[in-house]
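Notes follow the structure.
So that you can tell them apart, the chains are marked A, B, C and D in the order they are listed, and the count of residues begins at 1 in each.
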Amino acid sequence: MKILPKLERKLRRLRKKVTRSPLTRKLDLFHESARKKAFQESCETYKSQIEKEYEVRNTLPKLNRSNKEAFLSDGTFHQAVGRVLLVAEFFAMMPVKGVTAKHPSNLSFSWRNIRTCFSVLFIASSFTNFGLSLYKVLNNPISFNSIKPIIFRGSVLLVLIVSLNLARRWPQLMMYWHTVEQDLPQYQTQMGRWKLGHTIAMVMLVGMMLSVAEHILSMISAINYASFCNRTADPIQNYFLRTNDEIFFVASYSTPLAIWGKFQNVYSTFIWNYMDMFVMIVSIGLAAKFRQLNDDLRNFKGMNMAPAYWSERRIQYRNICILCDKMDDAISLITMVSFSNNLYFICVQLLRSLNTMPSVAHAVYFYFSLIFLIGRTLAVSLYSANVHDESRLTLRHLRCVPKESWCPEVKRFTEEVISDEVALTGMKFFHLTRKLVLSVAGTIVTYELVLIQFHEDNDLWDCEQSYYS
Amino acid sequence: MKILPKLERKLRRLRKKVTRSPLTRKLDLFHESARKKAFQESCETYKSQIEKEYEVRNTLPKLNRSNKEAFLSDGTFHQAVGRVLLVAEFFAMMPVKGVTAKHPSNLSFSWRNIRTCFSVLFIASSFTNFGLSLYKVLNNPISFNSIKPIIFRGSVLLVLIVSLNLARRWPQLMMYWHTVEQDLPQYQTQMGRWKLGHTIAMVMLVGMMLSVAEHILSMISAINYASFCNRTADPIQNYFLRTNDEIFFVASYSTPLAIWGKFQNVYSTFIWNYMDMFVMIVSIGLAAKFRQLNDDLRNFKGMNMAPAYWSERRIQYRNICILCDKMDDAISLITMVSFSNNLYFICVQLLRSLNTMPSVAHAVYFYFSLIFLIGRTLAVSLYSANVHDESRLTLRHLRCVPKESWCPEVKRFTEEVISDEVALTGMKFFHLTRKLVLSVAGTIVTYELVLIQFHEDNDLWDCEQSYYS
Amino acid sequence: MKILPKLERKLRRLRKKVTRSPLTRKLDLFHESARKKAFQESCETYKSQIEKEYEVRNTLPKLNRSNKEAFLSDGTFHQAVGRVLLVAEFFAMMPVKGVTAKHPSNLSFSWRNIRTCFSVLFIASSFTNFGLSLYKVLNNPISFNSIKPIIFRGSVLLVLIVSLNLARRWPQLMMYWHTVEQDLPQYQTQMGRWKLGHTIAMVMLVGMMLSVAEHILSMISAINYASFCNRTADPIQNYFLRTNDEIFFVASYSTPLAIWGKFQNVYSTFIWNYMDMFVMIVSIGLAAKFRQLNDDLRNFKGMNMAPAYWSERRIQYRNICILCDKMDDAISLITMVSFSNNLYFICVQLLRSLNTMPSVAHAVYFYFSLIFLIGRTLAVSLYSANVHDESRLTLRHLRCVPKESWCPEVKRFTEEVISDEVALTGMKFFHLTRKLVLSVAGTIVTYELVLIQFHEDNDLWDCEQSYYS
Amino acid sequence: MKILPKLERKLRRLRKKVTRSPLTRKLDLFHESARKKAFQESCETYKSQIEKEYEVRNTLPKLNRSNKEAFLSDGTFHQAVGRVLLVAEFFAMMPVKGVTAKHPSNLSFSWRNIRTCFSVLFIASSFTNFGLSLYKVLNNPISFNSIKPIIFRGSVLLVLIVSLNLARRWPQLMMYWHTVEQDLPQYQTQMGRWKLGHTIAMVMLVGMMLSVAEHILSMISAINYASFCNRTADPIQNYFLRTNDEIFFVASYSTPLAIWGKFQNVYSTFIWNYMDMFVMIVSIGLAAKFRQLNDDLRNFKGMNMAPAYWSERRIQYRNICILCDKMDDAISLITMVSFSNNLYFICVQLLRSLNTMPSVAHAVYFYFSLIFLIGRTLAVSLYSANVHDESRLTLRHLRCVPKESWCPEVKRFTEEVISDEVALTGMKFFHLTRKLVLSVAGTIVTYELVLIQFHEDNDLWDCEQSYYS
């Protein structure tokens, strides 16, 4: 009975030959050979590239940098983000238990946990501080510049509440993330596994360093300023009177209040920086997952793969998209707050930049803080745009699928990649892509141009004004 | 004879096995098992989600809230919108007979109906009032601020005429809506049926409450103002002289005229609010129909469905799209008027906000009215953007169709969802989506920034000025 | 031997039954019946609509309006546009021979034709006039307002040259148009044939009427103004000194020069209006061809058509697209000039609108001309956007193709309609769609708002200024 | 055994006939004949077009223009760009060896080469110059206008560094380009081969000529100005003191320094112009490759081609896309610098244009330089937008593939052309398309309008100001 299929195949071949004219057949042969040559050539350049990458991959990182850690990392987002969340917990955010545990199933949230209590307490304290700021601002004429303290403290408060809510959903989110990660094609080298955690740690470290540097510079400048506008004889008291004017607008000076104000300021500054970094870190994680998939696709680029391979990759791609969506739902309010905050502060700072600085300390602090602000905004924008870029990159590999293995599954995969817009969003109002960065930059530049053109010195640096950021 | 097909299937299987190399086969098996695992896992999280939702669904709503009504509702738009239209009829709009009837076939429009006569009469009255406003404005220097009464009364008049025309087409529209609704997959619970009517009633109620509150505040502020700019000894006369200055610009004071003016003002204010609410309510209705379809798709998500299932869903989706189109044709002029009106009024109010308020009553009224205006605009925008969002959501379910049941019908369905832009429009000039909301907000903020930067106090609050919004 | 295919079909049916589970089969039946009901219902509403349309179609147009003409028209663009081109030829544009001939093959262009000579002569005359305007403007301080005469005369000159070039290509374009038209599905009624020519004639008539009305008003206002700024005792001389100041800036007053100037003004004004109308008329023609195709598709909507039907329609659609492209290549420079001209003039007029008018005659002329300008711009925009709208409408009919007749040809047709952006363009820089209209309107409003906010009376109406538009 | 396939084919035909009703068959025949007629007609117009083109092709170019060169050219980008790079090398850019060699394999980069050393040396010299400019600017009040020297020198320095890096990758890029070119369908005539090189040479020549003319005008104007603001008795010294004020701000006048400054100025000006021309030339090259492919597709337009033909063309298209991507990666920083530079300089020049010119020499220089700047910007924009336009043109040919040869490969090709956005980018922030040109022009016009409206003479032409560009 086995002859039958063989026979049928033979017949099919014959039939094909008959339906085609001899000229077409010759043309076909000619085209085929030309195509093969082209393919071979592009294959060779590709092979050389792969080999080069392989070399890079195998040259181990500088061995003096925590080698052990590199070999223990398993490349999961949960593990990579652990220490970042630990720092956040110290600053009263994201009160989840088990962030440094090996497996996301150890994560838990409880209202009775000490972390949660601290977080809730700090929210109450921030709320009081926000109320005081609001009271002071409303008792003075309102302008674009004068509402700065409300915007600052208000957004910190909002982020605190959102992060508390996020903490409740975190264990579940991480479990889903873990499921998706387990299903993805495995990293080929230990380097690959190590890289995600390393990048996140580096971003956190650099961000924190710069944030601390800015805070110290702000203190120096404030001390300098306080002595210039000295209201009392005590320089420390002057400093606190100035940096916490919203407290001493209603109460007279007392050391505990000053300490509370200072504590509030330090924590607020951290949280204000942390929200940007958090968006960055989630973006890095999501982009890394897309890259993991793309790396696998690149390894098999131009080869004849079975439909099941493509089907599997498509489902994996879909899973990362769903993950992206879930994460976006969870953090899009933070993204929105972070973006509008940055835009507002850049505009205010640029407005101030036109005025003459009262002292060198101010000038140094001001320009450092402005550059830090712009740099941070750019970093958030570009890192989050990267999620979109990586998700589109898949298309490039799908374009090179050879004719022979072009099947409905590849077609479906391609169409899904083309038509989906995978990106973090600001509450679905805008997608974080490189085009957005350009349009935001364009808006700022236009605004600055108009400002410069019609500028009169407004003397925004006066002693009466609210100081802190 | 039954052996033959069986035999053929066997042969096919054999042939497949032969054409594939053993390695490919092994890889396939491996991939298949991995894919199955991934699918199973995602299936489990999905199942738990469904179960959770099921629980929520079965926990009945608070029983003290008109339970009976909930169990009588059949979830049609006609029924849900009935009382809303009844209120409108009281305010001389939408003179359709039978709005509270069970079935849309009882709807009818007749020029001889008492409702229609009242409506036509009120249009004539409004036209007179509009003429008087126009006359007053043209006899004073024209500015962005001074044309407010014309814009207000003009758009009210336009909406009245459009709504009269809409009333003529309403019975036919509702019949089409009914046909589409009957064909849709049925609600699974009584809760689902009850929800649409409930949401519409709540939106109407809250909107009316806030509108009444604003009108009362405006009266208090006007009385306050009238006594400050008192032209005569009589405070009531002062009030009417002020709020209906367009009438007493041509005629001397008389009580019937004052009452007519007051009546006109109250009705105009209601209609001005109602047009926004009407757009919202239609949007809620359309979005609910898409949701009904999506709910069904979600229930069968990831399962192997027959092509006929997909074909049916595609035709239902198409029907809702056509319904959307028909409704948009009918109300897009109202949408346009509502949007441009809101934009204009926000700009005018923001311009005014820079000036100092003459009294506390004014300040309270002004900020309440500004926040109400912005809130209402946002609500209209977001509710109508929701139609677009819901129509795109279908795609998410289609992405999860398993490989086995991927057929030409699903493909066609997917492609239609991708390429159609289903949304309410402002006369086809713009689609109501979330991106529009952002760009409108951006425009307002930019305008406000320019205003603030170059502001000089224009003293827009003077006694000579036309008062009524 | 005939048993074999029959047998095979039977087998196939059996095979299908076997592969499906009984449940699926039942579900299928259920779905199928539901789908059929839905389809039937939507079919009925559709049929009633068709019948209604049919009635409208058969009620003949008012019989007192050149009945004979209606029955002689064959619905071709060549015939419809004939008289429009005849008028243009009278005003020294489009010197093509045979524009009123029955068949486009009678069209010809020759450099030796009297029309061409007149056209070339007028171009030379316009060039001289443009040179004089340029000379006068460069000898005065340049501002946004003062360059008006150069823009006006420069664009008229440009359009003249482009139209001469277009005339050379016109016979070939019309032949192509004719070929496409012949291939299209025929009109069903004589009304359909008559409509295109009628619409074009109406647009031309209304445009010309308004243009003449505006010119007469401008003359009255200029006479009024000239007597106010009288330089000499002769009122006629005053008028010409004012309206042709660019001539009498270099030469002393003489009657022949004044007559030449007047002639130049009248002709320039006509051409300035004609370019807008020409864009409108071509748009109407193109949109009508798409509508002709769409009407045929609507007649067969929801029916099971053979693949050949779809293939034919697709090729017809493609042909109209190519026609659109060819026409756009030919007239896109005129479109560009028309659009930028209108934008510039609207901005200038709005700038002027803020100043107080010197007399009532001026005010009447000014507001009439402003409204005419805005109306004309809107008309051009909307008529040309209509080409795009009609080309997209085809999609709506393709969406309703029943499952049974869904074939690769329909799929290809659908995909082509989705991905092509068929529209007239301004030199490929922008596509003329409704979204463009909105963004242009937005730009003008923003500009006007900024102007109003920072306005100081510039006294743009002085006697020294160049007058003629 | 040969009967079987024949038999089966017969059966299939029969089956088809049976499944179709007689009416459908008749309709089919009717449609088919109509379609054939339409096709034939469009074919004829097409043939006549091809023939016309053929004639043009065979009329040899003017024979007095380096005929030999035309017949030696092989149409590769490497050969066409050779002399352009030679000129660049003379100006210390792109230090690659073997640019004029026949084959790209002769290209090489070495750090020890004399060209590289010269380039590195010049970078060091430019860096010093940049430092001096920065020092001078920071010691004066900063404004939009005063930072011009930093922007100018900074971007020149950046381009120098990027071009050094590009030189390292150039041999590899050219090899890839060569591979792609070899695989493309061959040019049909020697004219085709000659055209690319000719266009590039012309663009370079015209660009250089205008650049030299501008530099000479700038020198005349500077000499004129220097004598007006004469600080010393020596006119040459005055000239150098003025044009190299950043050097003589820190050092006293000496002839070697003046010569160094002059040398730096000449070279910087060249490089500033060259970066625009380089972007243009690469764009011309890429667009030419797409055109080569499109020409081949047009030659076979409407014919029935084998699937292998389409497969081959698709891979070729893909290869050019990848080439585009590689080139964009390599030069996108240059593109970005070039674009932002041009935008900034146009804005600054327009700002200056509002002031009165100190002398006729200045006016001539200023307007020449402004027009040159705008023209150059437009040229860069349009040439680079051309890459995108040519890549989309492929679609037009694919639309005309007849029904019979419509196969999965054509479908895949079409879908890839539709969904890919092939264009040069500015660091992926924006794609260089015609729409971009419009939006950039719109931005500049808006900025200029705002400037004009609120202009006060700023006296930007004072003796103290930094002069050079």
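The criterion applied here is as follows: a residue touches a chain if its C-beta (ideal position, glycine included) is under 8 Å from a C-beta of that chain, and two chains touch if they have at least 3 such contacts.
Every value quoted in this text rests on a predicted model; they were computed, and no experiment measured them.
Participant: Moving only between chains that touch, what is the shortest number of steps from chain B to chain D?
Facilitator: Step count on the best path from chain B to chain D: 2.
Participant: Please name the chain that ends up farthest from chain C once chain centres are defined by their CA atoms averaged.
Facilitator: Centroid comparison gives A as the farthest chain from chain C.
Participant: Counting shared numbers against all numbers at the contact of chain C and chain D, is it over half, same, or under half, different?
Facilitator: different
Participant: If I superpose chain A onto chain D using their CA atoms, what angle of rotation comes out, to the nearest 5 degrees?
Facilitator: Best-fit rotation on C-alpha atoms: 90 degrees.
Participant: Please tell me the distance, in whole Å, between the geometric centres of chain B and chain C computed from their C-alpha atoms.
Facilitator: Averaging C-alpha atoms per chain gives centres 34 Å apart.
Participant: Roughly how far is chain A from chain C, going centre to centre by Cα mean, in whole Å?
Facilitator: 48
Participant: Of all residues in chain C, which are in touch with two or more distinct other chains?
Facilitator: Where chain C meets two or more other chains at a single residue, that happens at 415, 450, 454.
Participant: Quick check: in the complex, which residue numbers of chain A touch chain D?
Facilitator: Contact set of chain A toward chain D: 11-12, 14-15, 18, 20, 24, 27-28, 31-32, 34-35, 37-39, 41-42, 45, 389, 395, 399-400, 403, 406, 411, 414-415, 418, 434-435, 437-438, 442, 446, 449-450, 452-454.
Participant: Touching chain B in the complex: which residues of chain A?
Facilitator: Spelled out, the residues of chain A in touch with chain B are 2, 4-5, 8-9, 143-144, 176, 179, 183, 306, 308-309, 311-312, 315-316, 318-319, 321, 347, 408-409, 412, 415-416, 419-420, 428-430, 443, 447, 450-451, 454.
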